[in-house]
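Each of the two complexes below includes chain A, the first together with chain B, the second together with chain C.
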Partner chain A sequence: MISEIFTSAFYTAFSISILLCYRVGKILNLSFASFFTLGAYLSILNPLLAIPFGASAGFILHKLTKKLSIANATIFSLGFAIAIEEILRIYFRTEYIILPVQKITLFGEMVVGSHAISGLISTAFVTIFLCFLLSKKSINLRVMEEDLELAEIYGVRTERLRLIVLTITGTLIAFLGSLHNPGIVYPTLGWQYLIFSVIIATLANIFERAYLFAILFAFVITCLPKFF
Partner chain B sequence: MLTKILLITLFLLFPLFLGYYTTFIALISIILGILTISWHFMEKEIGWVSFGHSVPFGIAAYLLALNPTLLFLTPFIFLIFLFFSFFGRRLFPFATFIASIALWNVSHYFVLNGKGGEEGFGVPFSMSLGNLYTLSMALLLFCYVFFEIISKSNLGLKIKAVRDDEIAAKSVGIDPIRFKIVGFFFSTTFASVAGVLHAVSFSHVSPSVFSPFYALFPFVVSKISFDKRWACIVGSFVIVSLSHSLSAFLPETHYILYSVVLMMIAVVKKNAENL
Partner chain C sequence: MRRVLIFVIIFTFLISGCVQQKEDKEDKEIKIGVLVPKTGEFSSAGIVMENAAKLAEKHAKEIFGVNIRVVIADCGDKPETAKTAFVSLAQQGVVAVVGAYSSPQALVVADTANELKVVYIASVASADLESKIREGNRYVFRNAYNTSYWGVLAAEFLRITNAKSYYLIGYDPLRTFNTAMFILIKNSTKAELKGEDWFKSPSVAPEDYKRAVEKALISDAEVIILGDPGATSVSFVREYAMKGGKATIYSVGGTLALMSVLRGLGIDNIAFQAAAIEGEEKTKLTKRYFENYREIFKEDANNYAGLLTYDAILIVAQAKMKGNLIEELEKGSFFGAAGIYTFENHQAQWGSEKLRGSIGIFRSGKVEILT
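Let's turn to the complex of A and B:
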């Protein structure tokens, strides 16, 4: 069950990142698939390298899509995702890279060490984000979610907020990619995680309290197979 | 139109005299040409941009490999797209793309009687390259003529009316759902035909039929062909030839082209909207 809890924390962080980009950044960020893969490839050198690279990728994506509509920004993010994958494919010149996996025992259950760290980082991110949502400082974020033009009229620095969202989520996903990869790294690795998270985010987005429902759905979907 | 058909026929006949490998590459281009024309009809005439035409393509290929009698299900594949159309035109491309990627991942775990999975399934029958090429060429020409005639017919005009304004179309007695279904049906049926030909040409079906290569191929080809139906055929030859000729030096070259086209299209579309 420990492993499932870490996985659900990971998917919660992933789907909250997608929701944030969609609701605040006005982009369905399909680049997350390649940010994750980028992190996984960089873990060959040093997992911490994923942080500056993920932040840079998020920053570049913001700069290039800030003037685009949701649909165009999403198409751009798909092209950007494929470009990153191809750079990785050309640079590493191999289809599959196998990474060493260290297992540890937690509460009597064997779990992958890096997955436990990614689970803890995801939990920390979700906790901090929920605390932020409950604070008064989240008002700018909420207004921007509701109506972009209205937020600008109220004096919210929408472009700055979008930059922060895309950079932080980009950093997080790349870093999670360096920790949560399955031990085999290949250029299209990130898509399966993205699809699963997009499904969770889509379901959660139906409800008004989307972020809370993302936590619930991620937990139910990842833990359900345990009971069957 | 007759001149175009004649020129296309001559263009398609040419690779038959250039040896086995070139004919095979041309065959792949023809099959993907059918997929692109079916996609082009959906985008240009019906007004729905799909990033998941690999769904009908791949499902038809899998059905043939599992049991050819299951192909009777292919006319119902349009129901998948009809379902996604309820997300609206803006989310439709991404919903279909996510569906194709989901199928790509799920198909890796699809095992029947110890076969399938990542390896895929063998196709129970095969054809000689010459026969398959002739059949594919005839089907491509049929597909091209069919969509040309449909788009200029009374039915095509009604489909276009629904594309332009559903409420206005309703006000003049056109049922939008009915004509959307008809349009989706035509497009997915020809995409399925392409999938079946693809399975027969390789005698094998693997999860890669749902990959982004097939999902985004029609979009990219259509864009580099400046949205002209006849040019889509030439465009698919260009991308397939480029991809195969450069694969020894730079594998998966087509994906570099895909990323450039996708990023450029997003920027160009934004500039066009601002004009």
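Let's turn to the complex of A and C:
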């Protein structure tokens, strides 16, 4: 069960990142697939390298899409993802890279060490984000989610907020990629995690309290296969 | 004026001569289409198929003296995308098309080949192409195994190792192929079947293999037969070993047949099937395929999807060199890295003396060839 808890924490963080980009940044960020893969490849050298690379990728994506509509920004993010994927393919050449995996025992259950760290980081991110959401400081974020033009009229620095969202989520996903990868790395690795998280985010987005529902759905969907 | 006219006439003749020469040159070049899953579920296999196709283009000239040009088209992971890619290749004037990955793709492409009168050689999929041939489709051939041969090899492995029990794990996106293989295994071995399970595509449930591992551990079988040739099989094996599983894993190959992957995992007793294993010398091409692939692409050569795509291209090149493509394919024999191919009812004769699949097992850092 420990493994399922870590996995659901990971998917919660991933799907909240997608929701944040969509609701605040006005982009369905498909680049996350390649950010995750980029992190996984960088973990060959050092997992911490994923942080500056993820932040830079998020920053570049913001700069290149800030003037675009949701639809165009989403299409651009897909192209951006493919570009990163192709660069990885050219640079690393090889089809599969096997990474060493360290096992640890937690509460009598053997789990992959880096997956446990990824679970803890995801939990920390979700907790901090929910605390922020409950504070008064989140008002700018909420207004921007509701109506971008209204937010600008009220003096919210929308571009700055979008930059922060895209950079932080980009950093998080790349870092999670360096930790939560399955120990075998290949250029299309990130898509499976993205697709699964988009499903969770889409279901959660139906509800007003989307972020809370993302936690619920991530947990339910992660545990579902256990029963079938 | 007359001089100008003479000059124009001479110039026109010269130009037309050049064009004729160019056309002659083009005539000598054989264009072969290759359906490669560059995108979608099977894109990892697409990379090795594309690399192998490029190597075949090089070897066709060097070894057989045939000037071929491979034209690659992305067939994705759906039958519709494979059909579109096939039509596009046919429009480019290829003499034959090889490749595609999954069984549903191969079935649709076989029909399209018949409609467009372009030869198609299925180099990976094990779909029921026999029914298409029985219906009178002369344009479809297969140099890959048929489903029964997959089962034959797995049953052979159970026999060689004297396994008392086995457990089957299928991969949901390849259900057609896995089901047919499992039926044959069940019907041809005396070992006890301890159970059957399927794990889902990672796009639907990325960690479903963990559930399959738990069930496999409970089964306590001596051999686990794994139907997934992709990356999830690696996650499965690693999780299984981590949880203390002791069974021998028999894989259909693909990712788990790559030496670099096996070395990286460092887990003993992983068996796999392959069309040929590095170190064997089935024909003069076997060694050359493995060595040149590593030299050019800086990685281990794939020994099923890649190797058979390579062979399929060389088969077309050799047959076309002899004369009418269909007639030559039906009656001739052709060199490949996996052995010498002959076709009976348009199916390569796997299991014959000159064309046999191989089984290897990874132990103590190296691959032992069992058959």
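We adopt the following convention: the second predicted complex is superposed on the first by the 226 of 228 C-alpha atoms of A that agree within 3 Å, B and C clash if a C-alpha of one lies under 4 Å from a C-alpha of the other, contacts with A are read in each partner's own complex, and residues count from 1 in each chain.
Throughout what follows, a contact is a pair of C-beta atoms (placed from the backbone, for glycine too) under 8 Å apart; a residue touches a chain by one contact, two chains touch by 3 or more.
As the structure is a prediction and not an experimental result, all values here were calculated from the model.
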| item | value |
| --- | --- |
| Side-by-side fit of chain B and chain C on chain A, or clash | clash |
| Which superposed partner A:I195 touches (first chain B, second chain C, both, neither) | both |
| Which superposed partner A:Y186 touches (first chain B, second chain C, both, neither) | second |
| First (chain B), second (chain C), both or neither touched by A:K103 | second |
| Touched partner set for A:F129, first chain B, second chain C, both or neither | neither |
| First (chain B), second (chain C), both or neither touched by A:F175 | neither |
| Partner chain in contact with A:A73 - chain B first, chain C second, else both or neither | first |
| A:F36 touches, of chain B and chain C: first, second, both or neither? | neither |
| Touching partner for A:S3 - first (chain B), second (chain C), both, neither | second |
| Identified clashing stretch of chain C versus chain B [57-65, 75-83, 255-263 or 345-353] | 75-83 |
| Doubly contacted chain A residues - partners chain C and chain B | 89, 188, 191-192, 195 |
| List of chain B residues in touch with chain A within their complex | 51, 90, 93-94, 97-98, 101-102, 104-105, 211-212, 216, 250-252, 255-256, 258-267, 269-270, 273 |
| In the complex with chain B, residue positions of chain A that touch it | 28, 30, 64-65, 67-76, 78-83, 85-86, 89-90, 188, 191-192, 194-195, 198-199 |
| Residue numbers on chain C that touch chain A, as the complex places them | 43-44, 47-48, 200-208, 210-211, 231, 234-235, 238, 242-243, 255, 258, 260-261, 263-265, 297-299, 302 |
| List of chain A residues in touch with chain C within their complex | 3, 7, 89, 93-99, 101, 103, 110, 112, 182-184, 186-189, 191-193, 195-196, 222, 224-226 |
